[in-house]
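Two complexes, one shared chain (chain A), two partners (chain B, chain C).
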Partner chain A sequence: MKKIILSLALLSGSLFAHSAIMSCFDNGDGTVTCEGGFSDGSSASGVNFKLEQDGKAVFEAKMSEDSEVTFKKPSSGYTAVFDAGEGHQVFVKGSDITE
Partner chain B sequence: MKNIKVALAGQPNCGKSTIFNMLSGIDQHIANYPGVTVDKKTGRFKYDNHKIEMVDLPGTYSFSSYSLEERVAKGFIIDENPDVIVNVVDASNIKRHLYLTFQLLEIGMPVVIVLNMMDVAQRRGIIIDSQRISQLLGCKVIEASGAKGLGSKEIMEAIISTSQSTDKYEDFSINYEELEPHIKEIQDSIETTKLTLNKRWMAIKVLEGDTTIIEYLKKEFSLIEELAKTQVDKFHSIHDKDTASFLATFRYDSADIIYHKAVKDTNIGKETLTDKADKIILHRWLALPILFGIMFLIYELSIVGGYKLTDYTWPILAAVKNFVIDISPQAYLTDIPMMSDFAVWMINSANALINYVPIFFILFMLIAIMEDVGYMPRMAFILDRIFKKFGLHGQSTLPLVLGGAMVGGCAVPGVMATKGIADDRARMATILTVPYMNCLAKVPFYTLLLGAFFKPDMAIMMFFISTATIFTALIVAKIITSTFLKTRETAPFVMELPPYHLPTFKGVILSAAQRVWIYIYKVLTIVLAVAVVLFALLQFPGISSESQAAYDAELSKSLVAFDKRVKKSKYYEEVDEKDEIASLLNYYDSYRNKRMATTSKKGALAIDEDFKASNESFFKFIKPSRDNEARIINKEIRKLAKVRNKILRNIKNEKVENSLLGLAGKAFEPVTKYAGFDWKINVAFLSSFAARESAVATLGSIYEDNKVESQRAEEAMAANSGYTPLHAVAIIIFMLLTPPCIATMIVVKMQTNSYKWMLFAIFFPITLGILASSAVFMLGTFYAWSGVEAMTYFYASIVVTALTIGLFPSKSINWRGGLRDV
Partner chain C sequence: MKNTLLKTVVATALLSSSVYAHFQMLYTPNTALTKGETIVLKHVFTHPFSDEHTMDMAGVEEFYVINKEKKTDLKKDLKSIVFQGNHNSGKAYESSYKARKMGDHLFVMTPTPYFEKNEDIYIQQITKTIINVAGAPTDWDAELGLKAEIVPLTKPYAIWEGGSFTGIVKSHGKVVPFAEIEVEYLNRDVDMKNNKMGKSRVEAPQDSFITMTIKANKDGEFTFALPKAGFWGFCALGVGSDKEYKGKELSQDALIWVEAKPMK
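Here is the complex of A and B:
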């Protein structure tokens, strides 16, 4: 696993710098999928993802090879966080995630 | 209608550019003087039926040939023969500025004097009789205030009437008394010259030892240099005086005469506002904190603030990208037409660079404000002593900060900000060291690695990484200036602290816009050209036919599985043919891409409407809601999309591995193995510099096959002696030192005006990186250091080296002579 992360890490350091982006979809079956990426097309696989409620992280994962994470939709308010380091973070409010 | 060519000349900080902006409007064209990186600003406009071409010459204190700016300004006057020279003078500092005025008058071309900053002079109680000056010097003198927009009409009228009165013009000449016979000697010897310039002026310049004029004359009179020397020696032996300083003294005395006859200073010795401000800004203890505060502010506003702005500009770029995807040939399952691949690659490259424009615009505005206000030279003054020890200059501060002195910056504006550094050697050193600072784009990379290998120590490691850069930059600066740049020109260290001024809004915006345009025009075009080459390098020779067959088989398997599972849905007929499935997949991907680019709920709804309208039956498969039959298909199509993406990824992996880049990675292995990099890491590095779409996204799949997916990751790690934290440190160190991106390399070329230095800027850091990471890796392996230990030792050695260089007294013997065998 670490090897994969290593190689993925090397590849996210890309030719040009980039902004981090993320968008989320409510799948309608009790799960939500968040897809992350960078503005220059780089993949975000291996990047940290977490769900925050009241400032605390209640779920943590890493973006899959497809640069996405699917999680069970929490019952109360939450924020989805794509965290690729300082200056490369995206916050999406649960209430803004539509089907 | 006649063409009038006007040259704007004046000392630095006289407000020449503000006058230039006031007169020439927005139609300005910036180029370089041939062969050098000095800006040539030309404005073309019409005034009262006359066509005016106005060139803003670089500010010069005098018209000798010591500095690049002086040579360029003089070259312009000689080569392009302006009709009128407009001399902009700082009225609040009139005596000093008149020194240049006399030099300009001596050229023998019509001059118009503009007394700028009259408002400041008035405020300081300086009373000037401009009519008197006009009479004394025989030229029109106009009072103006560029900052307040006053005097524009009068200046233009003066220019036009002067250009039309050439018949009334008599060559201006200063009587140099004792030197006159020598001037005459030289003048006689160059009598036959084909140059149309004033011969007396040229003769005086020759006696001064002016290299530019001498070079021009040498072509016709090969012995002119010897002749000059003879005369200078003769003058010296008769009068015991040095020619150059004799001439200078005369000019100063002449300026003094004007001053006494036409200027009254009612407030001599009184402290000006500027002096009062400087008491705080240049205060012994307050200066540095104030400087850090200002730097921090600039950083926050431009990089952090600008980055936030890109959240709003990015969707526009994404929309353009989606448009390009839409009009490109559609993919068919796992077969992507090369045209589409290429189009996406190119639009990604362009977008990545254009994304930076908001940041640069804010940044350049802030720089323009700092320049106009007058803080830049003060910054140089405060930090100069420290920076000089490393071969840098006080004015290197801003470029280094922009390059990323704090959490992260960008080397591109950093390098572009080196334009103003007067000292050539320091400027080169700054250009070559800014890329070592903290590149913002490297941050996700560090975060990933630290998260994987150093989770508990993340904070301290990040601290090491962000602060190590300034020390390495300083050390590299010292190395470069002591070796490669040793012979570069260093400017005589004379600095003027101009009075503080309020910047003009128009000037700031113009300056920022001009610089942003240069970035777009020059950087973008070259990067796109390089992107084309890189694309080719990565595509060929492509994957083997065995692999292709294997992927095809995998796809077929998934399609069969898909078919089996959706049979039970009542909508089966809509997706029972391969073509239909292919279209649905594309529809699905397109939908996902468009949704990615929208940030608002409203936008999302609009996209849904669009897609529903274009294909209602497909839409239900994307948004099944309560329709269970559609749900089945939705689930399966998502699975199929995942499989397709995986296949595409693997195809890309293989392509890169087989490509020329891959071969290069293998070729470098004998060297890089000392840093613990095997050929796969090499390929990953090379493609991370070239391939934006994680071309080799799963190196893991090269090492372990699918079996490992079922094994726990850590077990897999332990089973295959994989990478250790020490490897990670070596990689981090290498990343720290290597150049961040192609855009940086291009601005380096732009600012140094040479491909040689650009290549140096690429290969020197890479070599340094390899050496440093090899050293750390080998020592670490030998002494069995942990990752954190290795990083600590590296950091400590860097800091100690930098401090040593900094604190080492740099006074050395710089005299020679005396008795030989004393």
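Here is the complex of A and C:
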């Protein structure tokens, strides 16, 4: 139990001491890849990721071992959300994602 | 008397030309990208402060990039160009690179040794330039075990104007104590489209401000404050393990470029 609390504390510490970062690019084949990370270089593997349209989640996934998610590009406007917890969310508009 | 005078003039001229140091540029105008994009690099062998002579590059032995510990060869992407300095033009190269992945992209170029007639030696500057996409650090502090290398202790792309840069001079991973390091400011805007150097930004009050020479400490470390935004080159002279090329002395140098950003 102690161990669990300690690891949670460490996890929170690393999340809150550093800012969350996400960068996305259009693969040019109808898919988009988003990469997540933190300003201290820590991995974003397992961090929640979602696509929102009109404020609703239309796709949800977790960042891969390489801190990446690749998804089919939605046909209308969307926002990619890297969700590492409160205060650590990054929003990237689909219209800002280029090749 | 005339003869002595001539000799003095020639000697002074030779001395002056060696005062302005050679720097291998591995230049792209912005090292801190907000998101992934295709960047253009210029590979020019010049004197970045005074720009009094652009050398003809003898070729490139190696050119590659490292991102998230993955090495990609880029030598095939080099294209020959002629680069126009303020006094002459020289053979140079350009390349373009899709810096799409987040994190650091660590470029390393080893040019073919250049024969410097004035000094009767060859010069080879193993050059590093590090760019970052989106602010997540990945490879900037990697030690590559190069023959001559400056390993940064400060992110070379994340320095405010007035901030400082710290590095360690190494050869095959071993520190080089008291290495002599030349420091120069890229005193020009680089016209990326026309492959041309712009006019001087600042004037040096005296020659020792053109190429500033500093020394590493006993642990091979040095720190230098960057008083002005723009690009600064740090070149540790003759620290490489190769000492001879084609029967002549070789100065195998370690060079790193850092960029200070204006606070505005």
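In the analysis below, the second predicted complex is superposed on the first by the 83 of 99 C-alpha atoms of A that agree within 3 Å, B and C clash if a C-alpha of one lies under 4 Å from a C-alpha of the other, contacts with A are read in each partner's own complex, and residues count from 1 in each chain.
Just so we're on the same page, contacts are C-beta pairs under 8 Å (C-beta built on N, C-alpha and C of every residue); 3 or more make two chains touch, one makes a residue touch a chain.
Values in this document were obtained by computation on a predicted structure and should not be read as measured data.
Novice: Is A:83 contacted by the first partner chain B, the second partner chain C, both or neither?
Specialist: first
Novice: In the overlaid three-chain picture, which partner chain does A:39 touch, first (chain B) or second (chain C), both, or neither?
Specialist: Both partners, chain B and chain C.
Novice: Have a look and say if chain B or chain C is in touch with more residues of chain A.
Specialist: After superposing on chain A, more of chain A is contacted by B.
Novice: Could you tell me if A:94 is touching chain B, chain C, both of them or neither one (first, second, both, neither)?
Specialist: A:94: touches no partner chain.
Novice: Which holds for A:28: it touches chain B only (first), chain C only (second), both, or neither?
Specialist: first
Novice: Where on chain A do the contacts with chain B and the contacts with chain C coincide?
Specialist: 19, 21, 23, 25, 35, 37-41, 66, 96.
Novice: Considering only the defined contacts, which chain B positions touch chain A in the complex?
Specialist: Chain B residues touching chain A: 304, 307, 310-311, 314, 317-318, 344-345, 348-349, 351-353, 355-356, 407-408, 410, 439-449, 451-453, 527, 592, 595-599, 601, 604-605, 623-625, 631, 642, 645-646, 649, 680-681, 684-685, 687-700, 703, 713-714, 716-717, 720, 722-723, 727-728, 731, 735, 740-743.
Novice: Over in the complex, which chain A residues touch chain C? Could you list them?
Specialist: 19, 21-25, 35, 37-41, 66, 96
Novice: Which chain C residues qualify as touching chain A in the complex?
Specialist: 35-36, 68, 100-103, 133-138
Novice: Give the list of chain A residues in touch with chain B in this complex.
Specialist: 1-21, 23, 25, 28-29, 35, 37-43, 45-48, 65-66, 83-88, 96, 98-99
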